[in-house]
Structures are given as structure tokens and as C-alpha cells.
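There are two complexes below, and they share subunit A, which is joined by subunit B in the first and by subunit C in the second.
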Partner chain A sequence: MGSVLEISDLCVEFHTQNGVAHAVNHVDLSIGEKRSVGLVGETGAGKTTTALSIMQLIDLRHGKYTSGRIDFRGDDLMKLKDTQLQKIRGKEISMIFQDPMTTLNPVIKVQDQIAESYRIHEKDSPAEALIRAKDMLEMVGIPAGRGEEYPHQFSGGMKQRVVIAMALTCNPQLLLADEPTTALDVTIQSQVLDMINDLKDRLGTSMLLITHDLGIVAETCDEVAIMYAGEIIEAGALRQIFKDFRHPYTDGLFNSIPSLTKKTHRLMPIPGLMPDPKQLPGGCHFHPRCPHAVDECKVAHPEMTEVEKGHLVRCLRCTEVLSR
Partner chain B sequence: MSGLLEVVNLKKYFETRGGLLHAVDGVSFSVGQGKVLGVVGESGCGKSTLGRVILGIIDATGGQVIFEGEDITGIRGRKRAELQKKMQIIYQDPYSSLNPRMCVFDLIADPLQANHVYHDAKALGKRVLEAMDTVGLARNLAYSYPHELDGGRRQRIGIARALVLDPTFIVCDEPVSALDVSIQAQILNLLQDLQEQRRLTYIFVTHDLSVVKHISDDILVMYMGCMAEKCPADELFENPLHPYTQGLLASIPVPDVDYHREKIRIKGEITSPIEPKPGCRFAPRCAFADEKCQRETPVFREMGEGHFVACHRAGQEVV
Partner chain C sequence: MLRYVVSRILIMIPTVLAVIIIVFALSRMMPGDPVRTILGSNYTEAQYKEMSERMGLDKPYVVQLGNYLYNLVVKHDFGISYTTSRPVLDDLRSRMKVTFLIGTLSCLLTSCIAIPLGIISAVRQNSVMDYGVSFLSILMAALPNFWVALMCIILFCLRLGWLPATAALGGWRGYILPVVCNGTLSIAVTTRQLRSSMLDVVSQDYERTARAKGLSERQTIINHALKNALLPILPVLGTQFSMIIGGSVVIENIFSVPGMGSKLVNSINGRDYNTVLAITILISVFSIVVLLLVDIVSAFIDPRVKAEFASRGKKRRLPRTGEVASGR
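Here is the complex of A and B:
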């Protein structure tokens, strides 16, 4: 099966007043055709920076790509000119941002915001674009008549549906969804997730789903990559990660979530905090918080090791601890 | 039945241009000393307003709040100040609830100074540092400002501020929802330890059902200002009776690839809480609603021991 997107050795850094923040470090990631990949991690892990790099939307006044290739249909996105990228953004690759409240333009009718990408990418006449925009609204479960309204007249869940409609207008090959349901209530979240899954299957789109919620990953993704301090520390098929995780950080994440199905009296949180991307600890970036760290972890930076076909772990002790 | 805190038919209506907004509409319950009542519901269901009305931060429109056997609804002045030493709140957002121009020490000393607890600076300082130890804030952070600290540490300041007056009762208003999972677990453990060591009574307001299951003895599910269901925590997850609770439970994504369940989806969105029509407020979204549900407001009735539900159809047949 071919892959739609192939990221190799991506590094992104940001220059700040207090030093250089290493936001994304040597990330390799591939997204197969019609596959959904979940990118999981906590605040500051580099998930959104990775997605913005795919879109080539890093602000180059502060940020810098220090290495990497992003192959998309035979092109390296890193090497394309702005005019070429503009033809890809919103047409071949589109992105759903976290907060629907700030994504939409408050002074433009929602149907016009959706129609815009038909006019720009498919050169539709304004009238044609409008008709297609209304169809798109129906597809995400909003009556076409409401297209005349402005974003403030919509609830949070409805706004996110509009944003999804905008992202799917040109049948993109790849959808980047950055925490698409974090701002929504659970009952609305489940409606929106069902809809994304359904549309994605119908249109044959691949998806990179960024989230911190392992529950959402379990219900929507085929593959998972866990990020910590700008690196992917464990990646594999859904079942490999959920049933046979090997990295102590992944273990910590699962232990931090209160369970709905089991009774636990005390949670087992990961001690300490996420390291500052300006001063990443030497050796394994996770060693100061790791219960299994040995002296070697403080000096040697682990490479990705394949523990099983397709299951990669960045841990020196991945074959000893947590191995079942 | 009387507990530390009793709430009787509590109501809070806000006046809006469109009419009266029923934020909290006839809520009654009792919480025993040393117990945790979890209050869950989605945005706009009135759970935060409920917490604030109980503490007297906003005035009730009707009903009573009884604390330690005394009706405290509408109490003001010196008596209210005395009460506030015993009743505290931890806010949701550790970013906006702390004054950015005060350092950690001053932030924690603030409630003590406002209540004139100590007249001697040395005793005050000692108390503040003790509070910092209790919540796990390193003493060398005493002169740091909130912007220098991460969300977890800021929330620890919020907890220290609530604890420093030695309250018996705390409203925790979504104390962990702004935090990352690994930090969330640290703060939940801290809140749980404090509750157990000091026999504190919590009203724990949250939208996160797995958090509420973890920490609560009893759970109250609210929908549009009304009580939908109330029962012991485990019972709610094993035997939910209200269609809203059932849908809510089915909507939570479970991080287990082998966990399969029936997908009950709640259709539509919350309707307007302004001048709500009679009848069950959940009826427009309920799959089981019939003509009676549209017409009559369901009574909050006991279905099993300690298990209350406001639904006409609960118990009649398998819903």
C-alpha cells in the first residue's frame, strides 16, 4: 500500500529571546492511503508544529526547518515555492484547527466562507460555488438555509461542522485534524467524530488526527504515534500501542487516565514535568521522569528500535521492561 | 437526612433580554461530612452556577442552602465572612484566577490577610510556607510569579489558597480540566489525599465522567439546570436509568481497543434555557420521549436505594 505522505528526519526549531527551542526533533512519519494516524502527546510535545510543518505554515521569522523531507505525491513540500504550496493547501491537504470559534471569519456568511475554496481551487463561478457550498453544508448535517447566517449564530458544535465542511470541499487526499473536538462537549464530540469518520471513509481521505485523548484514538485511528519532547517515542498499529506498549512514557499516559471500566483507588501519574524544549535533557529526553531509567539512559540517546513488525520504540530498555 | 451541606429546591434565574434564563432550577441534595459529591453535565447545564450559589458568590433566586444545620441563604456581612473561612472554592482556570502581579507567597497569604487571621507576620509566613508544603510547591518558588509557572503548579497555588483557611467544605469547579493528563493525575491525587487526610467535603464539578467516577462517592447528573439523576458513583456507571446519562456514558471515547459497546447517540444540541417550556427538558433530544414527556415535568423520584431519577419512563420498561 502506497503512502500519501512521508515525513523523514523533520527538525523544527524556534528562536526566542531566551534561546533556541527544539520543537520537533528528527520526526519520521508516514501516512498510508485511506489510513488514519493518531498523533498523541501532551501540550508542548510538538504535535501541532509537525502538522504546521506539513502545511509549511511555520512562521519563518522565528521558526526554522533545520532538516527533513516531506514527500507528498512525489514532491518534497519543503522545496516548493509559495505559489505551488497555495495550490496544495486547502485542495490536496487541508487542516481542521482546534478552536472553531477563532477559525471562522466573524464578518462573512458561512456559505461564502465555504464557497471560497471552490472559487479559488476549482475556478467555479460564484453562483456554482455557492450551490456546492450549500451541498457541503447538508453533507455535514446543517440545513442549507443556515448558510446565510454568520458564525456567531452557530453553536460550537455547528461551527466545527462548518470548519470540517470547509476542509473537505475539494476532496483533499490528506486531512490534518488538530484536536478537532477538544472544544466540544462529549455528546457533540461523539457526533462530530462519527461524522468525520463517515465522510473520510466516503471520500477516501487519509487523516492525521492530533489529540491528547487516547480514547478518541482508540475509536478512530488505525495507527498511532506517541510524541514526547519533539520526538516520536513509540509508533505502531493501534493494537500494538494499546495492548503491547513498550515505552515507559506510553505506560505513564495510560496510567494517568482514570478508568471508566475499572476501579482504581489511586492514579499513577508520571512524576515531574515535560522538559523545556530550550534545555532538553541529554541522553533519553524522558530519563529524568522515567521509573526504569539506568545510568546509560542519561548519556545515550536511544534510536527507534523495531520490537515487532511495524512497532517502533525509542527506548534503550524496550526489550527488558514492559515487555510481555 | 441531614448532612454537612443541604440544598433545598435551589433556584437561580438570570434576567436576560430574551427573558428569564433558568440556570439552576429546583436542585435539592445533601452531602455528608467527609463525602464527595460529583456534579456532571455539559456546558450550560448550570453546574458551575450551582457551586457559586451554594457559596453565596451569586445570590439564589429561591430555595435554601443549609450549612452545618443553619440556613445560610442570603447571609451577608460579618457572618458571611466567617462562613467563607469554612467554605472555599478552587477555580477551573489557573491562568485567569490568579493575579499576575502577585507572587506565590502573596497569593497564598491573601485569604489569610483578607480575613485578618494573623496579626503577626512571622506566624503568617509560617502558615503560608506550610500550605506550600501541603500542596507540593517547592519553598523556593515563594517569590515567583504565576507566569513563570506551568499549569499544574498554578493549580497547586489555587488549591493552597483554598486550603490555607482550613475550610471544611470546598467546591472544586473543574479543577483539572485545563491540565494535561499526566499533570491532571498528579492534581487529582493531591485533591484526593487532602480530602482523605482532612475529612474534607467536596462538591466536585466537572464535565469529565471518568474523573468524577474516580473521585466521587455520589454523582449528580444535571441537564439544563435540573437534576436528571443522582446515585452512588459505581451505580451510575453500572445501572444508569436516565436516557441522558445513558447517552452521556456512551459518548465517552474509551481508551481500550477491546471495549465495545452499543453506540447510543444523543441527537441534536442543548435547547435554550431561556423561559423553558414545561415538560421534560431532555425530551427534544430523547429517543424515548412520548407525549407525556412533552407535557409534564418529571418528578425526581427514588427508584432504588439512593438512586434518584427524573424520567417518566424510567423503570416502566427497559429503556
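Here is the complex of A and C:
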């Protein structure tokens, strides 16, 4: 199965007043056709930065791509000109942003915001684009008549649906969903997820789903990549990660969610905090928080090791500690 | 929406009344006596008494104010000018046109220059262009406009001889300098304000959304940022417009423009109460109307404000009779 998107060795830095933040470090990721990949990690792990890099929307006043290729259908997105990127953004690759409250323009009618991408990419007349926008609204379960309204007249869940409709207007090949359900309450969350899944199946879209919720990943994704301190530390098929995780950080993530089958009195959160991307610890970035760290972990930075076909782990002790 | 407009117009009435009362009191507190000014140095006690009676200045302050308000509201009469002995409004009619024309032109000039400059310096933040615009606008905001006007006269009128120094001479060309000098401060202030409001808007999430849709940088600015950035600028432009009209007093005197500003100074010198009052009231009513218009226009542009007032109107419609009965 061919891959739609192939990221290799992507590094992104942000220059701030207090130093250089290494937000994304040597990320390799590939997304197969019609596949869904979950990108999981704590806040600040570099998930959103990775997605924005795919869109080439990193704010270059502060940010900088220091290395990497992002291959999309034979083109390296990093090398494309702005005008070429504009043809891809919103049409071939589109993004659902994290916070529906601020993602929509407050002074433009909802239907016009949806119609906009259709109008510029399909070169349709405004009237046709508007019909399409109304269809999209109906598709995400909002009565077409409400397109006349402005974002402030919508509830959070409905705004998120509008954002999704906006992202799907031009039937993109790749959808980057950045925490599409985080801002929503649980009942709406499942509705929105069902809708994304349904639309994805119908339109044959590949998806990168960014989340910190492993439950959502289990429901929606085929493959999973776990991100920590700007690196992917474990990647593999859904089953491999959920049933046979090898990285101590992944272990920590699973321990910090309640289980229905096992009896646990207390959840086991991972001690400590995500390291400051301006001062990443040497060796394995996870060693200060790792219960299994040995002296070698403090000096040697682990490479990705394939423990099973398609299952990669970035840990020196991946074959000893959690191996089953 | 109509309710909002009507209620805003109703609120104007007490504001205007307050302005009239304050200005009226201030004019009576001015040192000097209009009767003496008119009579000159040789007059008898009887002449003085007769004159004060004719001008109504012998009555108590409150009665004078009552008469003034009665004439103004019922007869739309600003009284007779003490110096020209003609109705004040007739004296002012042509001057009003001149002042408002210069004010409107200055305000248009402000919009035409400040809006593009503000956008460019925000979009090209920290570029040479941005620093240049910032430097110039800070300079312009710091220099008093009468000084700028005098320098312009020295340069354009005396040295280069391109433009007349007196507005009354030389037709439309005489109005170029007054319009420009009147606008310098507003241009500077509005540019700064628009720059910061634009900077705020371009870093909003919806701008990123617009880029993610495949819009070009120019389209995101024009279609998405501009409307949001101009919303907070409208009230600034409104206040600038009233400030320009108020500031015309200085500029009109420098360029001898036959407008209300130069008339105001003459009338103060001549203790011409009625004219002073009329000019001050006209200028303040004008400012209030401009601010009202700005509010209404913003409400129309910003769907959030519009919705707020629309819904407020609906809520109030029901208990209205109750409110009247309870004495509100």
C-alpha cells in the first residue's frame, strides 16, 4: 500500500528570547492511503508543530525548519513555493484546528467561511460554492439555514462541526485533525468522532489524528505514533502499541488511564514533567522520568529499533524491560 | 436595531443639554462685559441699563438660561450677534460649511493615508518600512499642529511659493495646507492604532485557518484581517473627526480660513456671548452626532454587537409598559 505522506528527519526550532526551543526533533512518519495514524503525546510534545509543518504553516518569524523532507505525492512540501502550497492547502491536505472557539472568523458568515476554500480551489461561482457549503453543513448535521449565522451564534460543538465541514469541503486526500474533540464535552466528542470516521470512510481520506486521548486512538486509528519531547519514541500498528508496547513512556501513558478489567486503587501518573524544549536532557530525553533508566541512558541517545515488523521503539532497553 | 438607534438618539438629548448649560455658565463667567464692549468708553448709567435690558443681561442667570433654551429649542434661534447685530445663525451658515468641509477632507485624508500605512507596517512588521512609518507617526504625534502649520507656510508659501498662505485667497489651493495640517495628528494616531490592531488580528487563529484553506497572504489580509482590524479603528476615527473640528480653531486662525474656528476667537474677544455659545454648541453637537454614527456603523459591521443590541431590544420590548408604569 502506497503512502500518501512521508515525513523524514523533520526538525523544527523556535527562536525565543530565552533561547532556542527544539520543538520537533528528527521525526519520521508515514501515512498510508486511507489509513489513520494517531499521534499521541502530552502537551508540548510537538504534535501540533508536526502537523503545522506538514501544512507549512509554521510562523517563520520565530520558527525554522532545520532539516527534513515532507513528501506528498512525489513533491517535497518543504521545497514548494508559496503559490504551489496554496493550491495544496485546503484542497489536498486540510487541517482541523484545535480550538473551535478561535478558529472561525467572528465577522464572516459561517457558510461563507466554508464556501471560501471551495471557491478558490474549484474556481466555482460564488453561488455554486454556497450550495456546496450548505451541503457540507447538512453533512455535519447542521441545518443549512444556519449558514446565514455568525460563529458566535453557534455552540462549541457546532463550531467544531463547522471547522470539520470547512476542512472536508474539497475532499482532501489527507486530513490533519489536531485534537478535534478536546474542546468538546464527552457526549459531543463521540458524535464528532463518529462523524469524522464516517466521512473519512466515505471520502477515502487518510488522516493524522493528533490527540492525547488513547481511547480515541483505539476507536479511530490503524497505526499509532507516540511522541515525547519532539521525538517519536514508539510507533507501530494499533495492536502492537496497545498490546505489546515496549517504551517505558508508553507504559506510563497506559498506566495513567483507568482500566475496566484490572483492579487498580490508584492511577499511576508518570512522575515529573515534560522537559523544557529549550534544555532537553542529554542521552535519552525520557531518562529523568524513566523508572528503568540505567547509567547508559544518561549519555547515549537511543535510535529507533525495530522490535517486530513495523513496530519501532526508541529505547536502549526495549528488548529487556517490557518485553513479553 | 431601530430601538438601539432611537435609544442612542434619546441619550444624546441630556448630553447636549449638559453641554449647553456648562458652556452658558462659562460664557457668563468670562471676564469682561459685553455691554461695555458695545457701548465703548463713553456711556451714561441710563444707557448702560437700557442696553443690558435690551440684551436680557440684567435678568438672573437662570432666567437667561431659560430664555436661551426656549429660543433655541422652540424657535431654533441662536439669538442676535452683539457685534454684527445680525442673527447668529446667518453669520455662521457659510462659516459652518467651510469648517465642516475642511474637517471632512482632513478626516478623509486621514483614512486614505493612515489605513494603508497601518496595514503595511503591521504586515511587514519590523521591516524598514515599519520602522519608517513608526518614526514618522511618532514624530507627527509629538509635533503640535500649529508649529507644523507655521513650518509649512515658511516652506510652501514663502520659500517655494507653491501655495497661498491665506485660505481665502487662491481658491481651492488655499485649502490644501489647512486640510493637511489639520490632519497630521490624526494620521499619526490612527496609523499607530491600526498597526497595533492589525498586529493583534494577524496572529489570531482564524488567520491561520484562512491560510490553511489555501488563501494567499494578500487574501487573508484583505478578506479576513481587515474587517476585524478596522472595527476598533472606527471609534478612533470618530474621535479624531471631532478633534479635527475642535482643532480647526488653531488652524483656521493661522491660515485665516473664514470658518467657525476663526470666528470663535473673534467672538470671544468681542464678548459676543451668543456667537460663542452657538459655535461651541454646534461643534459639540456635531461631535456627539459623529460618535453616534460611529457606534451605529460599528454595530452594523460587527455581527456580535448587532446581535447583542437586537436581542436586548427583544428582551426589553415585553416589559416596556411595566417599566413606564414603575416610573423608569
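In this section, the second predicted complex is superposed on the first by the 320 of 324 C-alpha atoms of A that agree within 3 Å, B and C clash if a C-alpha of one lies under 4 Å from a C-alpha of the other, contacts with A are read in each partner's own complex, and residues count from 1 in each chain.
Definition applied: a contact is a pair of C-beta atoms (placed from the backbone, for glycine too) under 8 Å apart; a residue touches a chain by one contact, two chains touch by 3 or more.
Computed from a predicted model, the values in this text were never measured in an experiment.
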Fit or clash between subunit C and subunit B when superposed on subunit A: fit
First (subunit B), second (subunit C), both or neither touched by A:Glu116: second
First (subunit B), second (subunit C), both or neither touched by A:Pro269: first
First (subunit B), second (subunit C), both or neither touched by A:Thr182: neither
First, second, both or neither for A:Thr305, with subunit B first and subunit C second: neither
Touched partner set for A:Arg239, first subunit B, second subunit C, both or neither: first
Touching partner for A:Ser8 - first (subunit B), second (subunit C), both, neither: neither
First, second, both or neither for A:Leu104, with subunit B first and subunit C second: second
Lowest C-alpha to C-alpha distance for subunit C against subunit B (Å): 6
Residue ranges of subunit A touching subunit B (in the complex, touch as defined): 42-43, 155-158, 185-191, 193-194, 212-219, 238-239, 242-243, 252-261, 263-264, 266-271, 273-274
Contacting residues of subunit B [partner subunit A, same complex]: 42-43, 150, 152, 180-186, 188-189, 192, 207, 209-211, 213-215, 234, 237, 247-259, 265-267, 269
Residues on subunit A engaged by subunit C in the complex (per definition of touch): 55, 57, 61, 82-83, 86-91, 94-95, 97, 99, 102-108, 116-117, 120-121, 150, 152-153, 163, 166
Of all residues in subunit C, those that touch subunit A in their complex: 125, 204-206, 208-217, 219, 223-224, 227-228, 231, 301-304, 307
